[in-house]
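Two complexes, one shared chain (chain A), two partners (chain B, chain C).
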Partner chain A sequence: MRKPGPKLLILISFLLLVVSAAVAVCIGTYHISITDVFSAYITYFQGGETTVVESIVVNLRTPRVILALMAGAGLAVAGTASQSAFSNPLASPDVIGVSSGAAFGAAAGILLFNNDAATQLMAVAFGLAAIAAVFALCKSSRSDSILMIVLSGIIVAGLFSAMVSLVKYVADPMSKLPEITYWLMGTLSGASYSKIIVALPMFVAGMVLIYVMKWRLNILTLSDDEVRALGHNPKKVRWTAVLASTLVVAAVVSVCGLIGWIGLVIPHVARLLVGTDNRYVLPLCISIGGIFMLAMDTVARTASVEELPLSILTAIVGAPLFASIFIWRGRGWT
Partner chain B sequence: MDMIFRIENGGFGYDRSFLFRGVNAEIGDGDILAILGPNGSGKTTMLKCMVNILGLKEGKVLLGERDVREISRREFSKKIAYVPQAKSYSFDCTVLDMVVLGRSPHIPTFSEPSSKDVEIAHDKLDYLGITELKDRSFKTLSGGEMQMVLIARALASEPEILIMDEPESNLDYHNQLKILNTIKEISADVSCIINTHYPEHALRVSNKALLLSRGGTAIGGMTDEIITEERIGNVFGVNTAIGEVEIGGGVLRYVLPISIR
Partner chain C sequence: MANRTIILVAIVAAIVVIAGIGAVFMTNDKGSDETPDSRTFVDLAGNEVTVPGEINRIVVTGMHPVVPVYTYYADGPDKLVGVGSPGLQYAKSGILGKIYPGLDSIETVFPTGTDTNAETVLGLNPDVVFYTAETKSDYTMITNVGLPAVGFQTAMGDNSKDGLNVFNHLELWLKQMEEVFGDNGRADSLISYNNDVQDEIAEKIADVNESEKPKVLIIFSYTSTSLLVAGSNHYSEYWIEASGGVNAAADVDGIAQVNMERVLEWNPDVIYFANGGTATPDDLYNNKVGGHDWSSVNAVKNRKVLTFPSATYMSYAPSLEAGLVLQWMAKNNLPDLFSDLDLSEAVSDYFMKFFGYTASSEDIVDFLAGRPITVH
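Here is the complex of A and B:
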């Protein structure tokens, strides 16, 4: 089953990632050559006078590219972790209500405050509140079978979605409502270093946690009794994976809004290339997720005068991609 | 290895009733213990109590002199391996990867299998004579092959005792015998406990037997003394004839079902 050279594939994908990042910095309404990009960095770090071009490179496009990489890699990795944790190839972090929670937090933040940082923190707080609610529901039902976690997730997600609708209903249709709606469709247009720094600790913590347990994630796809017989507490491993994906998703959503499809599709693309072993799937998710997101965002900011919402693009590309994967896999689909 | 594994006055049940009670059994070096009983008599539950997935309500399971509830899961799983009834899996993987998973009790929490772990997995495939399966996808295997791979995975943790839940169920005639022979071979190094629906299989491979009945009582002892026409009749409600055939110096016994009581 395993295709020859998963390590080589991973290496190639990371080289491609670097190339795509470089290209993405060059492309835009204002085209900048790669040499100008490099000289912009050099001037910036030498602390000289910055020109408009240099400012575009350093303060606009670079944070945006970094954010695209974080979002793509993060959502893909969190998707893989969820799919393993729930032993279900259709799972994604959305299933347990994190995205809905964060969406409500951000919508309420936009409504109540006129401050990006406050909105971001609200998104993170309610993303975490959602997972806490799911955990509490499972605890009080004294069961944390996969089914119970998913059911709790559906309840929590449903509740938060309704509250998002409520916020939209009361929001001022001239100013706040478009802002909320736009945010709910995902965008990297507000990218800045300060936003990245706020999201970074949670993002890194979640990513590192998932990365070091990537082989253990393979074990989670077995039945709980088998996991126990192999010396692990399935609940502990599962909740750790769920919590780690929550951190990553809440961090990403708090900056970028809701971006669909990546968490579902990219893990499948990676598995198509290297099989199901998460030791190979996860690194590949980082690079492919990053490249995919970069491509989508570059299209989003260059295709028309107005920026296109990301979720529209990821769905337009992601849905057919997902369909072709399962047509391709055909019989092997599970 | 001189590890004695035993269940002392074991009882388990949900709510106030007991599924089984007063169960005593012991296995040591080279033993094979067969657990028999009708559907619903708690065979699988008994195994789950033995591997500490479920906790006994009464009595205790002892590994050496230690109560298994006092042993950490990881340490326990280095000594006792468990092969549950074959399940369907949501994700596929190669046979070799599946067997390497058996090494996990020996691999520290945030580490990954080393080349030595992979080597041990190879050894186990080799030991069971299924090396040619190693690159196959687990899901495409036949039932018999899957069972062999799961046994290899269990052996990869280098246990002292191997516990198998109906290892030969749902297999064809040939594969049933193959699994039974494998268990017999394994028992030279690792003591085995199996659940089985077939008294004949117990007679064939095991030296000890535990017969559970639906009333919750259990009788244990040497297989020859436990598997008798009378007891089979009482416990399963089936009249049988147990006979012998002499083959190549050995004696094989068969159990012929005659009628339902």
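Here is the complex of A and C:
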């Protein structure tokens, strides 16, 4: 029997994605039967007084499911782009300081403003500031070798982590501090359409950019000289990929807080299934990332009375998953 | 050469400081007939502490609620020479700030209350330092520099019912003030008022059926990204049970993040904000936070969303005004049963009795309306 082709796998995974989204909206702590869930959409759009069921299905569960899909797909795709850009299977947008920068922006936003959009924009602004700082460091050291980019990233990430600690230190322990702490552990509990809309333009821009670059990301695994021989400027391609994944990660972090492991593990799962060709890896990252995140978030919101922080769940599931891929592959990374 | 001069200056300075401290002790030793030379007791942290009989300079590190409690006990904040910023902000922000304008001139040497520094404390030359009993490092630091450290506990111990009752904490703190400063009667008078209030309310709600009690939810803080509720094993458990309600979030342990779907499932009849965050009842009535729709929640339908009234501290936690808060909550939970309870009168009597302050009608309305308190 032949192994299923990549296209078939992608098709199946997207079907699964749709099915899991449909299942997720039916699951919740407030008991609503499956038929009621789907009729809620119809009655909601017919207008009239919004019932509790409609409100839960349309205004609570649906935006949360959409956000989970966005976050999972976005982080996985950004992870793939980073790993290609740095030709390093361990790279992720966290390494170059984007997450720390965005985390600082959001924490400061929570401390200073009492406004969602302002907090979100702060997260995005500081995510971009982090990557700008990395770029400036590389520029002034007159080297943008992969090592220099990663080193600059570590410096920038370290600085922003310290600044996050500073914000936590001065935050009111009775109100702002718990909010910042929960947010740093990642949560989708505040999902709403308005937040999604604020994050969407950057998210889409970054995703489209990465998708358009899928060929160029493939050749980045070659040495810089070989890339040049193929008629591309490796530095330009690398920075574009970094910028694109920054846009996506900053957009996701600005709404969901810090969620680890997805960007690292999902690209490896995808490569395990379809090989290293980004034409297939990227779409598969979208569907697998989305399904994984959706599953984690559904557990987070239903497993106990309290909301579980997402980063804890993704780490508990992601770390063993990563370890088993590592063992299964036996030796070396491709 | 220069080095030697520095060392010499340092030695001279040290001698002067030590001599100065000695001189202070010598003066204290003479003492007067009324105040003893010193007082020794076991504090709430379990340490034996000896404090001078005459205390003129007090520093409070960390332990925010002690600022108003001391101010009440001493009938004025004049001897507080250094306190943590949040404690002072809480104390000043309510009626207490009007009663004791002196609160304005106290130095806030510890911006967060968790950053105690031994040299800063020494520089204030205190006779006694009040600290948070759970912060063991503060104890070591303060006693290392030879100052008496009196611990005030905040934790709820083993979460036994006793530890959840805010009045028990307040009583322990007031009693410890007696140990430190001698008995001036002010501790007992407030304790007995609080006991009477608790008894009266308990007696009235004893006959109420569980089914007639409203489902009550206490929201600790609410923003678009986080909804923290106070469930069981926290002050919320005491407040709700003592005021004749049923805890809607009884399944939640302590203060925890929950989602909106859970709140809709609980559908509480009354919602209280524990004046921790910035959200107000209006935010729920008008669905202003995070795009959540509260309109189907009973408490919102019946306009029963309230904020803990605070005069000296955030009153969800142990505070001087806990007796008023309990009456206010009972009346809001069971309005028919407490129809004869006149809250304005209770507030006015309370401030006259304990602070000798005539509360204006504006004060009373302000207090009862409750408000979120945020400090930085």
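Going forward, the second predicted complex is superposed on the first by the 327 of 334 C-alpha atoms of A that agree within 3 Å, B and C clash if a C-alpha of one lies under 4 Å from a C-alpha of the other, contacts with A are read in each partner's own complex, and residues count from 1 in each chain.
As a convention for this text, a contact is a pair of C-beta atoms (placed from the backbone, for glycine too) under 8 Å apart; a residue touches a chain by one contact, two chains touch by 3 or more.
Remember, it's a predicted structure, so these values are computed and weren't measured experimentally.
S.K.: Of the two partner chains, chain B (first) and chain C (second), which one does A:39 touch, if any: first, second, both, or neither?
M.R.: Neither partner.
S.K.: Tell me the contact category for A:190 with respect to chain B and chain C: first, second, both or neither.
M.R.: A:190 contacts chain C only, not chain B.
S.K.: For A:221, decide between first (touching chain B), second (touching chain C), both and neither.
M.R.: first
S.K.: So, does A:59 touch the first partner chain B, the second partner chain C, both, or neither?
M.R.: second
S.K.: Counting only touches as set out at the top, which of chain B and chain C does A:169 meet: first, second, both, neither?
M.R.: In the superposed model, A:169 contacts chain C only, not chain B.
S.K.: On the A-aligned overlay, A:116 touches which partner chain: chain B = first, chain C = second, or both, or neither?
M.R.: second
S.K.: Quick one: chain B or chain C, who's touching more of chain A?
M.R.: C
S.K.: Using the superposition on chain A described above, determine whether A:301 touches chain B (first), chain C (second), both, or neither.
M.R.: In the superposition, A:301 touches chain C alone.
S.K.: On the A-aligned overlay, A:51 touches which partner chain: chain B = first, chain C = second, or both, or neither?
M.R.: second
S.K.: Common interface residues of chain A with chain B and chain C?
M.R.: none
S.K.: Under the stated contact criterion, what part of chain A meets chain C in this complex?
M.R.: Within the complex, chain A contacts chain C at residues 28-30, 50-52, 55-56, 59-61, 110-111, 114, 116, 119, 169-176, 178-179, 182-183, 187, 189-190, 192-195, 257, 301, 305-307, 309.
S.K.: Name, in rising order, each residue of chain C that touches chain A in their complex.
M.R.: Going by the criterion above, the answer is residues 86, 111-112, 114, 220-221, 223-228, 231, 249, 251-253, 255-262, 264-265, 276-278, 290-293, 295-296, 314, 372, 374-376.
S.K.: Which residues, counting only chain B, touch chain A once they are in their complex?
M.R.: On the chain B side, the touching residues are 48, 51-53, 73-74, 76-78, 81-82, 84, 87, 89-94, 97, 101-102, 104-105, 107, 109-110, 112-113, 135-137, 139, 154, 157.
S.K.: Once bound in the complex, which stretches of chain A touch chain B?
M.R.: 1-2, 84, 87-89, 212-216, 218-219, 221-223, 225-226, 228-233, 275-277, 279, 332, 334
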